[in-house]
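Next up: the structures, one after another.
Shared chain: chain A. Partners: chain B in the first complex, chain C in the second.
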Partner chain A sequence: MNSEKIFPIFLIVFASISLLIVTSIVISLIINSYPIFLRDGFSFIFKSVWNPVKEDYGILPALLGTLISSAIAISIAMPLAISLAIFSAEIAPTSIRGFINSVSDLMASLPSVIYGLWGLYVLAPILNQYIMTPLHQYLGFIPLFSTKPIPTNLFTAGVLLAIMITPFSSSIIREAYNAIPHHLKEAAYSLGMTRWEVIRTLLGYIKSAILAGAFLALGRAMGETVAVAMVVGNTFTLPRSLFDMGYTISSLIANQFPNAEAYSYMMPALYSGALVLFTIGLIINLAGLYWIRRVVTRG
Partner chain B sequence: MRTYTKYMAVVAAVVVALISVFILSYFWIPTERIGSQRSTTTTIATTSPTMRVTTTLSGVVNGAGATFLNPQMQAWASKFYELTGGRIQVNYQSIGSGAGQAKFREGVLDFAGSDPPLKSDIYNEFKAKGGIIQFPVIIGTIVIVYNIPSVESGKLRLTGEVVAKIYLGEISYWDDPAIKALNPDLNLPHEKIIAVHRSDGSGTTRVFTAYLSKVSEAWKSKVGSDFTVSWPVDELGNGVGGKGNEGVAAAVKQNPYSIGYVETAYAYSTGLAVALIRNRDGNYVLPAKEAVASAAKALVKVLPKADEDWSNIFPDEIIDPPGKESYPLTSFSFVILRQVYDDPVKAAILNEFFKWVLTEGQKPENILEGYDPLPPEVAAIGLDGLKLLRTG
Partner chain C sequence: MRLNKRKIIDRLMLGIISALAIASAIPIFAIAVNVYSEGARYISLNFLIDLPPPPVGGGGGGIGPALVGTLVLVALALAIGGSIGFFTGLYLSEFSHTRLAQYTQMFLQVMVEFPTIIVGLFAYMILVAPLKRFNALAGAIALSIVIIPYIALNVREAYKSIPYTLKEAAFSLGVSAPIAYLRILLSAARRGVLTALLIGLAKAAGETAPLLLTILGTTFTYFGGLDQPINAIPLLIYNFALSPYEKWHQVAWGAAAVLLTIILVIFIVSRLIIKEVKV
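Then we have the complex of A and B:
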């Protein structure tokens, strides 16, 4: 048969398989979370309670915890990721570039349970002693730092997530940076620009890749389960400051899933948590796509 | 275009190969098992009631459930595998008590391991369908651990009421009069108590909160007992959740002036300070071998038979038993079987394996550190229960 005809058929088959998988995930999330929405309606999303004894569930603290810890993570990770990318593409001596890149790629692929254990036993005590406690002591009047910190809290989770996602978004930015046509760089230098001015101009050129790196990293931060469950503090209360302990939806699922079947409504509650997380991820990604498109067409 | 075709052909070949492996393995593995089961001639009726491990049986049984039971069950299974010359393989997956019970109910598992026995509605459902056998296989203890830099291990004395008040948030400082009254010799600091608890649903929490419910009316009415509860101390910002025993142990270690509860093995392996707890007779005890054995013996009279409903008495009735030396936070881990199995070989294997677990398996050389063996009177419950196994 003509390969020109077979090729699109293959594409259609494989593309529809992945589409089918995503659709069936969404459908099963909806079916499995249906009972809790039937019982509680949408109030379930805005309640702050997790009481299996009374079969009373609400996920607001976990939802806020997810948003807060991911926001911390992304605001720490992006400057780091951009710096790392530029350092390895522009400034580092060619001989060690390969080394830096492979170490960073290795960090991106480490299993998250390793990050979790390291975060719990190493990062959390260090952050507590050298960053959180001083911040609370001297700047405790600012509401953000008002809670007396203990090692495992939302801030620690955010920092750990930042460390986990930095190499990930850095490699996306690096690849985009390296793909910039060489003549653009030469043109910039020939105009008499300094090295810093050239880098700034080229970064503007790959804005969309930087945003893409940020959104992918944000998605990973929001969905991270095990590592966060180990360092977030896991208390089901509304956070009052950055140093308060909290929960995230993913860590709630990781914590509660094993025994959830012993209750009538916990499984639906966890599934609807996943559905909410999915919806937020979808909204953020759509917003990101829209933004990237605007940036690209404007630039 | 030639390269595209080649590439697509390779991809298609891989996909087809993967799919065929899945389909083949689906049909293949059960056939193989049936084959090995047919090769045996033993049935329950002919199984000899000796303590020797029979070598005529061969096959696989699958169980899953309580994480607490997991290391001990793996040790038993591998020893038994060795003793039968590799003929009998007992698989156990540590998926949690709740999940184990649910999967067993769906009929996916041959047996379930569980920290609490079946709830009464599920027990009744099984009873209507041919009956259930549930019996203790091992003793587990929970210790209260603390981190007060100036107080060494085994010095701090606590009562259940005081622990309940700490987790209720009613006692917030270590120098509270209620704690001072129990420890007149200790110099307790005016520091906030950080109360650490499990964040994942667990049988350990179920037993710990059952204890608090038993000793404190306020706890019983405000919080209750379950795999996960809503911790009042969290509302005050003085509670911390740790994932798993290791998470609780790490949180207690990292937070000076904290208190927590873990399975005994974890307290010793992490070097945490362990509190003395006042038992029902007014003595302060640690979970030493004798204290645990004393607690288990005190319970023999109240324990039901293997085919009866345990939900009313466990863990609420058996926790905090009488006896001068008894350790209050002593509990059992259970194995749950159906009375009727379609497959006679499976029933025979389960019978042989658990008979061994309840006799030879309880000897010190087969018990891992952190667990305690059943006294013979309690092991007898399971041995009697196994006689109800039948095929149909």
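Then we have the complex of A and C:
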């Protein structure tokens, strides 16, 4: 009799823990970044300076680095993710579809430090030799490619992120594609459409899933820390081209945190960087979740 | 003629899609090949238990402290994050109509996408700064927070997938709610719950970013207590890969091969569990 009443309360306590954790994380970010906002206001976000000796900080280069690397990542990843989803749901022989999905899921669950190690020692030199150096040589007059590339830079970070987020985004699209009612597909074929025309039509039907996949993957790319920190170059300058070494907000935190204790405003600066990252990420993820909900409610 | 043009476009587009799909899967095979060709040769029993080598000179060394650290951290994270995640998931499944459940579910979905470095900053504030020392407990708590949403959302699915008739049958036995949920229905949901825990396990074993800010990473000492710094395999890979010493790069590749093997084993086991449930 007693346990009947206690058990739900017991569960409620556990369910509240997650709410409590999220709330305290947000509060802790605000409290810890408060000093620098109090001193500098929001100008701190739009300044490009990292001078611990003068206690002068601005995170603009890192913010731009985050935006640039994740923009590169998402523009490479989306065509790949959509193709991978269609390939495993429509084109590949049925017998190997399970295998393809397993490989894709394995890629999504690989630790980012392994991607980082591989990115640093394998991907970065290859990209430098076969893609970045030729682009710089022949198209160097375009500002995007104007910096003489070295292997670790924003572009490498973007490509590595693209590899990391493709399977994740693809699995969202694949699930939506497989959930399309069968009679729609049959109707499309019965009109005499070719396979590609059917695919194109069905892709229009799952637009919201594709958007959800893009937004959630973008959120992941922005928040990724370790893999990016290993290949982005970790240099605090305003990026002028895709081939500049740079920083992202999360790699800035990872790199500068060990020094932060020694200064009075570096810790607040890093926490407010995290707050900015959290806010951008939250908006993007909520957008993604909104689109995914549209998929669910419509299907 | 018109039909022909459509056929050509059809072929062309299907070809492009297939090529892109195959291209997107190349990295995983490249990673596996590179990690094992660079790393597998260092792996031996001694590699798993020895101290890392000095940066220059000395023998091959190993990853003993990091392996011990990972085992300690993952066990703690699974105990803490696993139990919170499990009961949260059970609540979400069985009381899904309540407002608390709806909010919790939304917060968990946001938490899954949290940059994990932010979790590290949080753990630093509540456990490292007050103790004035990097410590294992802070790392374990950070990992727990990272895995809670994965476990909770998957446990929820597991309990949701139990047929309603089975739930009614369990309660019609006249047993109390805890026994119905934790003894009878758990056995119906056990594969889903196990998969949830394995996902959490893989996540905790591979996560690096929060550890940077919480456990620091010792190089030459094994476990010295929960209030002391500790190392972990992913953190060792990160630190050694970025070090200037060739010898430590080799250890990083060896450690990556160990970590990749751990992840592969967890992944294959969880696949087998899922397969079994379908039969």
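We adopt the following convention: the second predicted complex is superposed on the first by the 262 of 299 C-alpha atoms of A that agree within 3 Å, B and C clash if a C-alpha of one lies under 4 Å from a C-alpha of the other, contacts with A are read in each partner's own complex, and residues count from 1 in each chain.
The definition used in the following text is that a residue touches a chain if its C-beta (ideal position, glycine included) is under 8 Å from a C-beta of that chain, and two chains touch if they have at least 3 such contacts.
This is a predicted model, so every value here is computed, not measured.
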Fit-or-clash call for chain B and chain C when the two complexes are aligned on chain A: clash
Which superposed partner A:Ala81 touches (first chain B, second chain C, both, neither): second
First (chain B), second (chain C), both or neither touched by A:Phe236: first
Partner chain in contact with A:Asp244 - chain B first, chain C second, else both or neither: first
Touch count on chain A, higher of chain B and chain C: C
Which superposed partner A:Met107 touches (first chain B, second chain C, both, neither): second
Touching partner for A:Tyr271 - first (chain B), second (chain C), both, neither: second
Which of chain B and chain C A:Leu19 touches, first, second, both or neither: second
Touching partner for A:Ile283 - first (chain B), second (chain C), both, neither: neither
Contacts of A:Phe10 with chain B and chain C, given as first, second, both or neither: both
First, second, both or neither for A:Asn51, with chain B first and chain C second: first
Superposition clash, chain C versus chain B, among 23-31, 113-121, 239-247 or 257-265: 239-247
Interface residues of chain A shared between complexes with chain B and chain C: 3-4, 7, 10, 14, 120-121, 229-230, 254
Of chain C, residues touching chain A in the complex: 6-7, 9-10, 13-14, 16-25, 27-28, 30-31, 34-35, 38, 83-84, 87-88, 90-92, 94-95, 100-101, 103-104, 106-111, 113-119, 121-122, 124-126, 145, 148-149, 152, 176-178, 181, 199, 202-203, 205-209, 212-213, 234, 237-238, 241-242, 249, 252-253, 256, 259-260, 263-264, 267, 271
Chain A residues touching chain C - in the complex, by the definition given at the top: 3-4, 7-8, 10-12, 14-19, 21-22, 24-25, 28-29, 32, 79-81, 83-84, 86-88, 91-92, 100, 102-107, 109-118, 120-123, 163, 166-167, 170, 194-197, 199, 216, 219-220, 222-226, 229-230, 250, 253-254, 257, 270-271, 274, 277-278, 281-282, 285-286, 288-289
Chain A - residues contacting chain B, complex: 3-4, 6-7, 10, 14, 49-54, 120-121, 124-125, 128, 147, 150-152, 229-230, 233-237, 240, 244-245, 251, 254-256, 258-263
Of chain B, residues touching chain A in the complex: 1-2, 4-5, 8, 11-12, 67, 95-99, 101-103, 119, 194, 199-202, 223-231, 234-235, 237, 239-243, 247, 250-251, 254-255
